[in-house]
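Each of the two complexes below includes chain A, the first together with chain B, the second together with chain C.
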Partner chain A sequence: MTSTVAAARLGKAFGAKQVLRDISFEVSPGDVIGVLGKNGAGKTTLLEVMLGFTPPTSGGIQVFGHESLNLPGDIKSRVGFVPQQDELLDQLTVRDQLRVIASFYPHWDSALIDRLCTEWGVDLDARIKGMSVGERQKLSILLAFGHQPALLILDEPVASLDPIARRQFLEQLLAISTDGQRAIVFSSHIVSDIERLANRIWILKEGRLDWQGDLDSLKESIVRLHIRGSGAELPQLSIPGVINIRRDGAFATAVVRDWAPEAQEALEKSASVQIEVESLGLEEIFVELHR
Partner chain B sequence: MKAVARLVWSYFMGSVLTRTLTIIGAVLLGADLCILATQPESGEMLWLGIFGLIALFVGSSWMPLMFGRLAGSHAARVMPGARLKLLASALVTVLLVSVPVGLVVTAAFISDRSSIPEVIQNPEALQYVLNLAAITLTSAMIFAGWMYVALWMMTSKRNLQGLVGTLIVILLFTLLPVREIRALNVSLTWNLQQLAVVWAVFGAGFLWWPEIKARRPRAPEPFDGVTRALSGRSTGREFDVVLGTANPWPGVLASILPLALMVHFVGNAPGVWLSFLAIFSTVAGAASGQVPGRSRALWLRGNWTRASLFSAVERSVWRHNVHLLGALTLAFLGVGIYGGYSVALLACGIPLLVLGSALSTYLGLAATKGLHWLEILCAIAVMFAPMFLMKFVSKANPDLLTVFALELGFFLLAAGLRQIARRRWLDIDWVQCRPERVMMIRGA
Partner chain C sequence: MFILNPQSGIPIYRQILEQVRRMVASGQLPPGTALPSVRDLAVRHTINPMTISRAYSILETEGLLERNRGRPMTVANQAKNHSQLPKRLQQIGPLIEQTVVAAKQLQLSEAELVKAVRQAWENNDD
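So, the complex of A and B:
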């Protein structure tokens, strides 16, 4: 089966500044991918390269089997995008904006949009110019949902939404993703949303895809070790995959990646220590990876 | 004082581009003044000074936008004396770009007739020269002030109100001094009165604006109703709506108002009319500069490659511009018939308007990577090109061969710009031409 999106050794630079480095991935139908990264890690650039807004400087990326820079119309009509900064037309009303965008798609689900407008409290007669940032974001999301895309890409879609609107949006996203036919890629700084919704995680660090895989594997892979020595001072420890370690007399706390039970056994025997393994939440993992 | 100095420094030196222009301007002006002080005056020397003045003014051209943004920011409400310091920084900037005008004109005057020591020794001559310097300085301050207002309107208010305002300001600050010079009534007192009134009104309004704004009832924007009434034609033209080219009528209306004013001020003088219509046609085309950024919203919404998107965008922009161009051509024909212009003048003038619009349209479409050196230089050249051609066209008996050759040259230039625009669109990068990014670059 063709991947929804496939990238190989993707790189992107703006002048001398390398923003993305050597990124490879695949997105398949049914994937809900949460993209995490610090400010400036390259999340927005990655999503925009994916959609052909900007050409990669190295490597290649294909969407539904076509180069992202030259997507044919029928492929584009299967893609929905919510940009970080909206592209709404200030002089129009919500109704007119929806009408304008709907005209570009042969299969626009007006019933779905009408229902969501009612549920989300979007006033169809409001002029966009006078809307708050959160209201504008809701409308941007509606514009990406209307043609029921098979690939939905959202760049920090909930940043300005209030908790109720955020919950409604996440519920809608969950409803969309349950049929297993669509792929969703979304970036966010709200880790709890990603934890709740995503079945796969990408962690971008300094332009590289530092980690990609399903959430459970990530949680199993990156753990915190509480190490207790038998003497007054801990001996020198050689811990495989250590990200950081804090020592305090006979005790130490270490965060490690690619942790395996065999490694624990080996370490306990060789250094005469006792190790307790603590699972971490996604937010803690993210912070530890960037410490 | 430190804050004012820092603000003024930022206006002139805030980006690589403005810093370079400011330094070039200062060096050229310094060199010109040194030469004028030691050598007899000549035309070439004056050009050095004029280029220096232009570079210095363009070097400070972010001032209106930065001033407007800072004045509207939350920081301006909470920082102590922020509005007063901003106002002082604007006044200092106007003074800084005007002082060299007074110096250069006065130095050129002395260099042409006498020498500095001779003038100093002759009290009557000294009095005359000081008066001339003061008049030049104050006239330059008035002119520079209005230029900044026009720049502010162009960069901050991208709507019908802004367009009308810009055109009226350009018209007034260009025509009023001409009338004064014609009537030989330029005087220091009159200049000082103008400066005092304008700065007092502007200063008072600016300082008390937060209080005025808090008390005034919320009224609809002027022209908003007109724009809305004229914009109900979006069905079937959604592509144009997204690009902002669906409704040409506000632009037409924005041009007609200043043109009506012109009838009152200039009568039917062909040179002045052609000059203004050429500027208007250039401004009309320049609106296409926003199109590369707005086309981003279309990329995922149609079956086009970058090349076919350029073709569609080009058609859309011309569908829009042709209305304004038509209005300007009709205005020119109307004035020409009423004023008894020669057929040759009419025949040469109409292509001038089309070429002005074409040059600026393709320059705007070629601005796919924001504003850089090349775009700025081309924009300045495009503004001056129709004015240069107008000099030949507006003569009583234009040399048709020269005019035809020049118009052919401009046509080829427009065709070249179109090719550049087309090639740039083949690899357009919407990350680099997002509207907010362009605004950031402009505001930097």
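So, the complex of A and C:
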């Protein structure tokens, strides 16, 4: 089975600035991939390279088995995109904007779009020019859903939505992802949304994929150890997989990756310490990876 | 049926595992009880169904749940596991450890802790 997207040692530079470095990944049908990264880490560039908007400067990337830059028309119609800055036509009404986009796709699901417009409170007769940022964002999302893409890419799709609108969006995204045939890749700063929706996580740091794997595995891999020694000062510790460590007399806190529960006893014995293991939510993990 | 926290450091599939194991061991989920479908749970909690599916598969392998074609998964007959006590004690082990650690940090004696536990037990009897 061809992967939906396959990247091998992808690199992207803009002039002297290297934005993406040595990135390899696979996206399979049924995946919901949450992309996390600081501003400037390269998320938007990565998504744009996936869409074929811009060529890689090294390595390769294929979408549905085709080079990203040369996607044939029928493949392009299987991809949906919600950009960070919307590309709506200000002079049109919502109805007309929907009509314009629908005209490009023979498989437009008007029943779905009508239903979502009602559920999400999108006014079909509103002129786009006068709509709030949130309303514009909802419309951008609808425009990407209508043709039932097999690959849906979203760049900060809910940054301007209130919690209720965000929840409606999540519910709809889950509904379309459950048939297992679609792949969704979305970048977001709203970590709690990612924790609900994603089964896989990409953490982009300075242009590299610092983490790539299941969300469940990520939470099991990266933990915070609370270490207490018996004397007044903790001895030097050799902890495998340590990301950062803070010492305070007889105590230390260490964040580690690739944690194995069996390692606790060995560590406690070898260093004569007591360890309490704290599991970390996704936001905490992200912050710690950047300390 | 479940209290799930997507923001927890404990993966959702593990939260489901622990809760089902505890409820089956305590008799709260008797054999034959139907569990909500993966899809129902996913929709109700707004979470990815794959993590729920994973939990259900593991529980099926453990013999706690059984699949019924075309119908919801049900709690399997636990009669073969006659001695439930060691299992139930194992379930509560982590909580007891946490309580002991906290009590020691607060410099409570063993007797004081036991007394407090007894008090809580009595208060809970109504």
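One rule holds in what follows: the second predicted complex is superposed on the first by the 290 of 291 C-alpha atoms of A that agree within 3 Å, B and C clash if a C-alpha of one lies under 4 Å from a C-alpha of the other, contacts with A are read in each partner's own complex, and residues count from 1 in each chain.
Everything below uses one rule, namely that a residue touches a chain if its C-beta (ideal position, glycine included) is under 8 Å from a C-beta of that chain, and two chains touch if they have at least 3 such contacts.
Quantities reported herein were computed from a predicted structural model and do not represent experimental measurements.
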| item | value |
| --- | --- |
| Which superposed partner A:Leu89 touches (first chain B, second chain C, both, neither) | first |
| Partner chain in contact with A:Ser272 - chain B first, chain C second, else both or neither | neither |
| Partner chain(s) touched by A:Leu197 [first = chain B, second = chain C, both, neither] | second |
| Partner chain(s) touched by A:Ser238 [first = chain B, second = chain C, both, neither] | neither |
| Which superposed partner A:Phe81 touches (first chain B, second chain C, both, neither) | first |
| Which superposed partner A:Tyr105 touches (first chain B, second chain C, both, neither) | first |
| Touching partner for A:Ser132 - first (chain B), second (chain C), both, neither | neither |
| Touching partner for A:Ser230 - first (chain B), second (chain C), both, neither | neither |
| Set intersection of chain A contacts, chain C complex versus chain B complex | none |
| Chain A-touching residues of chain B, taken from the complex the two chains share | 227-228, 231, 234-235, 238, 241-242, 244, 294, 296-306, 427, 429-432, 434, 436 |
| Chain A residues touching chain B - in the complex, by the definition given at the top | 14, 45, 48, 51-55, 69-74, 76, 79, 81, 85, 87, 89, 91-92, 96, 99-101, 103-105 |
| Residue ranges of chain C in contact with chain A within the complex | 6-14, 39, 42-43, 46-51, 54, 101 |
| List of chain A residues in touch with chain C within their complex | 30, 32, 167, 170-171, 174-175, 177-178, 192, 195-199, 215-216, 219-220, 223, 276, 278-284 |
